Every structure is written in structure tokens, then in C-alpha cells.
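Please find the structures below.
One chain, subunit A, appears in both complexes that follow, with subunit B as partner in the first and subunit C in the second.
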Partner chain A sequence: MAKISVQHVSKTYKGGEVQALKDVSFECEDGKFFCLLGPAGAGKTTTIKLIAGIEAIDKGQIFMDEQDITDLLPKDRDVAVAFETYALYPQRTVRENLAFPLRAPMRKGGMSEQQIQQRVVEIAKLLGIEELLERLPRQLSGGQRQRVALGRALVRKPKAYLLDEPIAHLDAKLRHRMRGELRRIQLELGITTIYTTPDQLEALSLADYMAVLNNGVIEQVGTPAEIYNHPINLFVARFVGDPPMNTLQAKLDGSDLVLFGLAKLPVSAELKTRLANALAGDGVVVGVRPKDLDIVTPDSSEALFKGEVKNVQVLGETSIITVVINAHELRAKLNTQMAPGRGERVGLKFTLDDCHFFDAHTEQRLF
Partner chain B sequence: MANNLNITSAARKQASAHSRRLLTWISYLLTGLLVVIFLFPWLWVFSLGFKTRAEIMSPNIVWIWTPTLNNFIEVLFVKGYWRLIINSLIVAVSAVTLCIVIGVPTAYAFSRFPIPGKESWFYMILTFRMAPAVVLALPLYVIFARIKLLGTYGAPILAHCTFTLPFVIWLMRSFFDDIPKEIDAAAMTDGYSRAEAFFYAVLPLVKSGIVAVALFSIIFSWNEFLYGLILTSDATRPVASQIPSLIRPHGTLWGEVCALATTASLPVAILIFALQRQLVRGLSFGAVKG
Partner chain C sequence: MRSRRYIWWWVLPSAILFLGIILIPFITALTYSFRSLSFTTSTATGQYIGVENYRRLVFDQDFYNSFKVTFLYMVPAIILQGLLGLGMALLIAGAVRRARILIPIMLLPTLLTPVVIGLIGVLTLNPDFGVIGQFLNRLGLVQGAVLGNSDTALLAIIAVDTYQWTPFVAVILTAGLLALPKEPYEAAQVDGANRIQTFFRVTMPLLWQYFVVAILIRVIDAFRIFDIIWVMTRGGPGTATEAVAVYAYRHTFRYWDLGYGSALIMVIFVFISILVEYLYKALQKWQTA
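Coming up: the complex of A and B.
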């Protein structure tokens, strides 16, 4: 168990041609579950590799508790890694794959053969792969291999778990279950965990703290609630939340905020001054989460926009409708199946309290 | 319409089965041809070993004769050439062992470590193998004479390394390149040092590759002629290099040449036969990604 602190870490590949990480800093408190969220190619796997010591850092330092581990060998860092690519030992059975970390020469004499076998069976049961113990990796499906890879990390009790998209290749139902299991195991053992995922829902539901990574840069670090409620810039706003936040180009005009050059949203003098002071140029991007958009009748006085329903997705208890307004698309999430049908004309409304304001030029959150 | 479709698809199926059978036959034919081309000279040599001098020299090919073991007895035991086969074994096994022990870790290093100027080094090693043996023969002779290695087993063993070692490094590197680096990384985070990861996680994966490479190297060494001839003494000479001694002023002892050649090819043939499966697996490498 340890606090992991990554400080100003940069990493390039191919002799400096590809910048994988740029001045990345974050801290994961002892015993916490920390998610690295980002699209493919954001630098999540690189971060994991650098913390594990598999690759050398170009610039910056990594600390575990107060110890500088930047130049330590992987085996001396005492972290367990689950690789996204599984990296199972192809010639060893599942049983031997799971036992492999326990048999490391540096841990010789630590556990008896019986204890090793017991631990292997324990972890296999936890992951629902006890039937597969005698199989070889090539005889397993992708999801099964991934569970073995996860098991090989969880079989030890290291200072930290580094899990690189460990459940990405499982089917939806199993993924949901494993998510719960992982959180339970982590809480039970209290082992610091760094977890990467491209799935914002996974990050929101698992993490104590999370960081949003994009193009090798940390966009924002915080609790899931902070990141969801106060996205620091347009990238985070659009990446976290499903369906993604609606973003509306707007301009200040007199006492109104004009959205898409169409609708006028009356704003208070106070908000207007705040906006005017914070803006670099004159463009504002107003962000509204689909859940905060409401459908009204098109001729209602409340309707800010009128448009045509282009698409309706019914997701059990909720529905997502896409409304087209002069070539702009807005999505609304309704807590009902009673959504308007395709082609129907509807009105949309939302309140100022639900709006996020971003600078159209810098894409940063205004307040 | 549907009926029509069924008929054409059935016809197509039949046609494809037909052409597949034809392909099978053609491949059998070609294989047979290859077997004849490769086996005929050997069978010819093999048969000559069991003939008398008169039968060998007869202007008409003698198809039916009473096999004699005289050539074998004469060359192997009376002349005592069986010791040369032992020499060949000593030289081949030592040279290949040395090359595997040095070459496999070198290949691993080439595959995994960021050595400055790596590719240039690698091609330099490859070009060593491209040099004709004669080019190296003289310098090697002089060097070995200086360090008193001439005439010992050490001379052909080291000389054979000049061509087997690049071969081992070259082939083993491509085997290692086929193994995902994550395997090493996984072992290292599992608590293994770099060297332990190599031994416990990576090496077992290239086992059949090593067997195949070693086997080829043994064949190279076994068949090598020039170094075996000039760098050794009568006591340490490998069998392939001693065959010319059967060319005498009064004529070549063809029967004994063929008997010796037959005997000399047996150990390698047996080895290949025994390790056939490993060999095929080693050559069809790359299916290890797990």
C-alpha cells in the first residue's frame, strides 16, 4: 500500500518524434482507486508502463510514498500489472500463468506449493475461471484471457495494482459484474489501484479520483462528481457523460445570449458582466447535458428552440432523442419511453442554472 | 429461381471439389519429383558403397549384384576412419553449443535493447556470413598457428562459429521479434529480473526455434570442408574433409568414398528424423501470440 505520485513526467517515442506524455502530474492517495480516462492514444498505457518501470522516463519523477522509484527496476517496485494485451505466457496453463508471480525467484520460500495452489484456485474462483485452469491461453476466448491477465495481477498483494483496461474485452454483462467485483476487492484489500479505461461510465462508477487524459496531457484531475459537474474545458465536457454534452455556439448581444444565432436566452446583468470579463474574444460556448434538456410543445412560450426529431433511441427507462435545429443537432435524455416520434416537431428548453460556460476561443471553462 | 441457384451452387461445389482433387494430385507429383531429385544421388552413392570395384567401374550399370560390406569394413575399421565421424561429432556439437550459448542471448539483446547503431551492427554480423570461407581461411590459419590452436579441435570449432554464429543470431532475432515485448514486461512486473524473465518467460517460447536453428547449424558444420581440411591434423580432422584422402595415385577408391559418405550422412539423418516435429514447429514459428 502506497501513495503514488507522478510528477512532471514526459515521454517521447521514436527518438522524440512522437510525444506520448507531456508534463503529466497527478497523485493517487494511499488505498484509493484512481482512474485514468481518455480516448485511444491518449497516453494511458504509457503512463501505466512508466509507473511499472517497463519503460524509462524521459523527464520527471515518480514517487511511491516518499521514495523516488523513477530508476528502480520493475521487480523492485512491487506493483502488479494487468496488461490490456493480456501478455499471458502462451506455453503455460492458466494455473501456471496465475502461479507465475508467486514463483518469482525473489519471493522464493515465501509461500509453500500448497499455499500457491490454494491462492491460485481462490483467485480463479473469484474471476469465474476455475474451470479453465488446465487450459492453455490459445484455447481461451478474449474475455477469458483477459480475466486470466487480471487474475495474474490480483494473485499477489503488492503495494499497487496497475490495471490497463482490464475488463475492456469482456461482454457487457460480465463487464458489469467484474466492475463491481473489482471495486469490492479493492475496498477489501485497500490496495492503491491505478486503472485505465476509455469508458467514461466505468471511470465515473469506479473511481475515488480520476484524471482525464488527452493527447498525452492531463486535462483535469478530480473526483468523478467534480469532473462531471465542473468539466474544466470543452474536451472533458464532451468526453465525460453519455450521451455527450450538447455544446452551443453563442454570442453576447445586449442583455441576451444568442444561441446558434437563433434563440435569445435572457441573462441577468450580473452574469453578463461575469461573462464579458472572463471572455477572451466574444464567443461563448454554452454546454448543456442532455439530461437537462426538456421537451415542450413547439408553440409553447417556454421553447427556446424549435426543431424536428431526427432520431429516437429507447433505452428501457430512458430515451434519447436527437433534434435538428437548422443543421445543429441537440440531444435530450428523457426519463420516459413516451418520447415524441421521428419527424415530429418539438420545442426544447433548458434553464441557465444547468448551463456550463466555456470560452469559444480557449475552450476553457469560464466559471 | 431458387431451384436454379441450388443447381449452380451444387455444380460449383462439385467443380471446386474436382479442382481441389486435381491440385492434390499435382502437389503429389511435384513432391514426388523433388524427392527423386534429392534422393537419387544419395541412393546412387548408397548403392555404390555395397558394390565391388569391378561392379562400380563396369561400363554398363550393374542393377543386380550381391551386396558386399567390404568397403565399409575397409574404410571404417582397417583404415580406422570411424574416428573421423567422432571428430565430426565433437566439432559440430561443440561449435553449435558455443554458438547457441553466445548467439541466443545476443539475438535477444538485438531484439530488445536500444543498442546505439543496432541495425548497422546487425547487418555487419550478417555480412560476416556472406564472406566466402576461403577469404577467412588464410588469416585463421595464421592466427591459429600463432596461438597454437592449429591441429586441435579448437581450430575447426572456432572456424565453424564464423558462419554458424551469424546464422544463429540472425534467425533467433526474428524469433524473439515475434514474441510480444509485453511478455518480458509481464514477467518483470511479476517480480522477475530481466535475466530471469528471459530464462523463465521468453526462452521457453523459442525452444523449438532453438532446436531448428541448432539442427541447421549442425548440418552446416557437419558438411563444412575447407576449414576442416586445412586447420586440423589427421587426428582431429572431421569426416567430410578426409574423403579426398581416398583419392589415390592409382585411382579413386569409389567404393570406400561411397561407404564413408553413406556412414557419415547417417548421424545427421537420424538427428533430423528424431527432431522432425520440433523442426517443423520451429520453422512455422510466430503462432505464439497469446
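Coming up: the complex of A and C.
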């Protein structure tokens, strides 16, 4: 168990042509579950490889507890990695793949053959692959291989787990179950875990702390609640939360905030002064989460926007409706029983309390 | 569909080639093997004699000897070429990119015709003026001509064959090594495997299929070895280096006994087919063992 601290790490590929990571810093406290969230190509796998020591760092340092591990060999870092691409040993059975980390010479002596076998079966049961132990990787489906890859990481009790999209290729139901299992295992063992995922829901539901990574740059670090409730910029606002946050261009007209040049929202003098700087420039972007939008009748005085329902997506208890207002689209998440039908005209309303304000030019959060 | 008819035009060139240089000669040889046909015997004019040629072959001690010689040459030669080729491949694949220029240079012996390689062998092994021949004599390892001694002639052929074909094996294995996925190596690094474990648990299993290809090509080729032997020893001294192809050649084109020669070739053909099939399965099984 250890605290992992990544400090000002940069990494380029192809002789500097491709900047994979740019001045990345974050810290994962001892025993915590840390999620790296970002779209494909954000630098998540690179981060994992650098922490594991598989690739060399160009600039910056990585610490484990207070020890600088930047130049340590992977085997001396005592971490276990679940690779996104599985990286199973192709000509070894599942059993041998799982046992291999326990058999490596430097960790030998710790466990008897019987203990190793016991541990392998234990992990296989946990991951629901005990029937596959004698198979070869090529005889397994993608999801099964991924579980073996995850098992090969979890079989040891290292200082840290580095899990690179470890459940991305499982089917939805199994993914849901594995998410719960992973969190349970991690809490039980208390082993520091760094976990990457492109799925914001996975990050929000698993992490103690998370970082949002985009184009090799950390956009924001915080608890899931902080990141969901106070996204630091438009990228984070749109990336975290499903469906993504609605963003509306706004200008000031007298004491009213004009959204999309259509709806007028009266603002207090206080809010006006807080927005003054941004309004003087390119204007403000107002963000509203779909859950904070409400439906009213189109001729209601409360309706900020009037539009036509273009699409209704039923998710079970809730539904997502897409409303077209002139050329703009807004999404609202509603209780399915309240949802209007396709083609209906509706009004939309929300309150200023639920709004996030961003500078239209810098895309940074104003408050 | 109109395109259906055109398909035959595309197939035609290779069909003609296949018919002309493989199928027709093969069928001709097959029919010869059931006939008595010799250009040097006035009574052997191609009359049908059933399995007489094959019966004769069963009792032919020289024929068995030629099989023994073939294996005595083939097994050590291929093991040697496999090991040396692997070593070379590991060196090349591990070398920096610039060293890859070595690959075509290394391939030179393989690109030369076996007759030239054989001649190089004859000349360098000559006890009077050959570099290696002189050297071996001075060291006292050999008395007189290497190729004139039935104990050393086959060794010389193995050495020359290895000189020619090791680079071929090395190139296939190098291609294999450079194409291996890097993820299992990364996993092995993290798992704490040492170099020997990494080699046997990651490299060898992944490389094995390339190995199988190289070995099978070499086995098929080695079984037909002719040029090098013909240039170096003509199968001698005595029958010490008379491999099956040399033996078949002698009967067909020296004694002009086309009937018997064809029967020999048919037996060799069937034998190689069975050998390769069996070997392929065995090597495949070994991979997963």
C-alpha cells in the first residue's frame, strides 16, 4: 500500500512529434480508488504505463510514498497492471497466466505451489472464470480474456493496482456486476488503485478521487461530487454527466440575460457584476444539466423556451427528450410518465440556481 | 452473372503453369513407374510391368542406404540451422534499426545457387590449396581430403548446407520477432519475469509458429538435397553421401532407367508428404504442450 504521486510528468512519442502527456500532476492517497477519466487518446494508457515503469518518462517525477520511483524498473515498483489489450501469455492456459505473477523469481519463496493454486482458483471464482482455467487465451471471447487480464493483476497483493479500462469489453450486465466487485475488493484489501476509463458513469460510481484527462492535459482533479457539481470548464461539463450538459450562449441585455438570442432571463444586480468581465468579452455560456430542465405547457408564463419534441428516448423509469428551438437543441431528462410524445410542442424552464456559468472565450468556469 | 465467365481467364495462366510443370510431369512419372523403360536396355521399351519396379525397390539395399544418408544429413543440419538461425535472428532483432542493413548482406549465401555454394565448399575444403582444408589438416583433425573420407564427407555437406541456409531461417525468425506483439513483454516486465523466463514463456511460444514454417520449408527442401552433394561428392565416397535425390538422379539420368527412377521419385514424394504432415502436427502439438 502506498501513496502515489505523479508530478509534472510529460511524455512525447515519435521523437517529440506526438505529445501524449503535458505536465500531468495528481496524487492518489494511500488506499484510495483513483479514476482517470478521459476520451480515447487522452493519455490514460500512457499514464498507466509510466506509473508501471513500462515506458520512460521524458520530464517530471513519480513518487510512491516518499520514494522517487521514476527510474526504477517495473518489477521493482511492486505494482500489478491489468492491460486494456489483455497482454495474456498466448501459449499458456488461463491457470498458468493467473499463476505467473506469483511464480516470478523475485516473488518466489513467498508462496508454496499449493498456496499459488489456491489463490488462482480463488481469483478465478471471483471473476467467474473457474470453468476456463484449462483453456488457452485464443479459445476465449474478448470479455473472458479481459477478466483473465484483470485476474492476473488482482492475484497479487502489490502496493498498487493499475487497471487500464479493465472491464471495458464486458457486456453491460457483467460490467455492472464487476464494477461492484472491484470496488468491494479494493475496499476490502485497501490497496491503492489507479483506474482508467472513458465511461464517466464508471468513474463517478467507483472513484474516491478522479481526474479528467483530455489531450494529455489534466483538466480537473477532485471527488466525483466536486467534478459533477462544479465542472471547472466546458470540456469537463460536457464530458461528465449523461446525457451531456446543455450549453447555451448568453448575452446581457439591460438587466436580462438573453439565451440563444431568444429567451430572456432576469438576473440580479449581483449576478450581473459577477458576470461583467466575461460579458464584456465574448459572452457567457450557461450550462444546465438535463435533469434540471422541466417541461411546462408551451403557453405557460414560466416557459423560457418553446419548441418541438424531436426525439424521445425511453430509458425505463426516466426518458430523455430532445427539444428543438429554432436551430438549437436542448435535452431534458424526465420521469417517463411525464414525458411528452414526439412532435408535441412544449415549453422548457429552469432556474438560475441550477445553472453553471462559463466564459465563452476561455471556456473556464466563472462560478 | 457475366463476371463468372471471366473468372476462367484469370485462372488460366496459373492453371497452364500448374498443368505444364507440375501435374503432367507428375502423371508421366507415375505411369513410367509402372513400366519397364530404359534407354540403355533394348528390351525395356515401356511395356507395362505392374509393380515390378516397386518390388525391386523394396529389396534394394542402396535405396535404404540413401534414406539413411538423407536423415543423417537432414536432422543435424536442420537442428543446427534452427539454433544458429534463432541466434542470428535474436541478434538482428535486438540490434538498432541501422543494423538492419545487415539483413540483405546476411542473406547472400541463401541467394547464391547451391552449385556455387557447393563449389565454394569444394575449393575451400581442398587439402592442398583450400583455406579450410589446409587448416583442418594442420590441426590434425583430418588426414588428406575432407570430401574423400567417408567419415567427414557428410559432415562437410552438413556444414556447407548450414552455411547456405542458416540465414534463410534467420530471416524468417527475424520477421517473426519484429512482428511479435509487445504487450505480453510489458506484462512480463511488470510481473517480474527475468530474461530467461521471458524468453521461454513469451518469446518462444509466440515465435513458435514462425519456427514451424521455417523448419517445414527446410525439411521439404533438405529431403530433396541434390545440387550441393552432386557438386561436392557425387554421392561418394562410395555411397556415403548418396541422399535419395542423388540416388534417384543416378538411376534416371545416369543409368537411364526411367521406370525405376520414376518409382523412386514416387516413393520419395509419398514419404515427404507423410513426413511433413506428421511433422507439422507434431510441431503444432509441441507448441501447446
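We take it that the second predicted complex is superposed on the first by the 360 of 367 C-alpha atoms of A that agree within 3 Å, B and C clash if a C-alpha of one lies under 4 Å from a C-alpha of the other, contacts with A are read in each partner's own complex, and residues count from 1 in each chain.
The working rule: contacts are C-beta pairs under 8 Å (C-beta built on N, C-alpha and C of every residue); 3 or more make two chains touch, one makes a residue touch a chain.
If you're wondering where the values come from, they're calculated on a predicted model, not measured in any experiment.
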Requested in this report: Report clash or fit for the pair subunit B and subunit C bound to subunit A in the combined superposed model.
Outcome: clash
Report task. Would you check which partner chain A:R138 touches, where first means subunit B only, second means subunit C only, and both and neither mean what they say? Result -> first
Report task. Determine, under the contact definition given at the top, whether A:L98 touches first (subunit B), second (subunit C), both, or neither. Result -> neither
Report task. Could you tell me if A:L127 is touching subunit B, subunit C, both of them or neither one (first, second, both, neither)? Result -> neither
**Report entry** Touching partner for A:A250 - first (subunit B), second (subunit C), both, neither
**Finding:** neither
Requested in this report: With the two complexes superposed on chain A, say which partner A:L304 touches: subunit B (first), subunit C (second), both, or neither.
Outcome: neither
Requested in this report: Identify the overlap between the subunit B-contacting and the subunit C-contacting residues of subunit A.
Outcome: 49, 52-54, 73-75, 79-81, 83, 85-91, 100-101, 104-107, 152
Query - Contact set on subunit A toward subunit B in their complex - result: 49, 52-54, 73-75, 77, 79-81, 83, 85-91, 100-101, 104-107, 137-138, 145, 152, 156, 162
Query - Interface residues, subunit C side, partner subunit A - complex - result: 181, 183-184, 186-194, 197, 201-202, 205-206, 208, 287-288
Query - In the complex, subunit B residues that touch subunit A - result: 180, 182-183, 185-194, 196, 200-201, 204-205, 288-290
Report task. Write out the stretch or stretches of subunit A touching subunit C in their complex. Result -> 49, 52-54, 73-75, 79-81, 83, 85-92, 100-101, 104-107, 136, 152
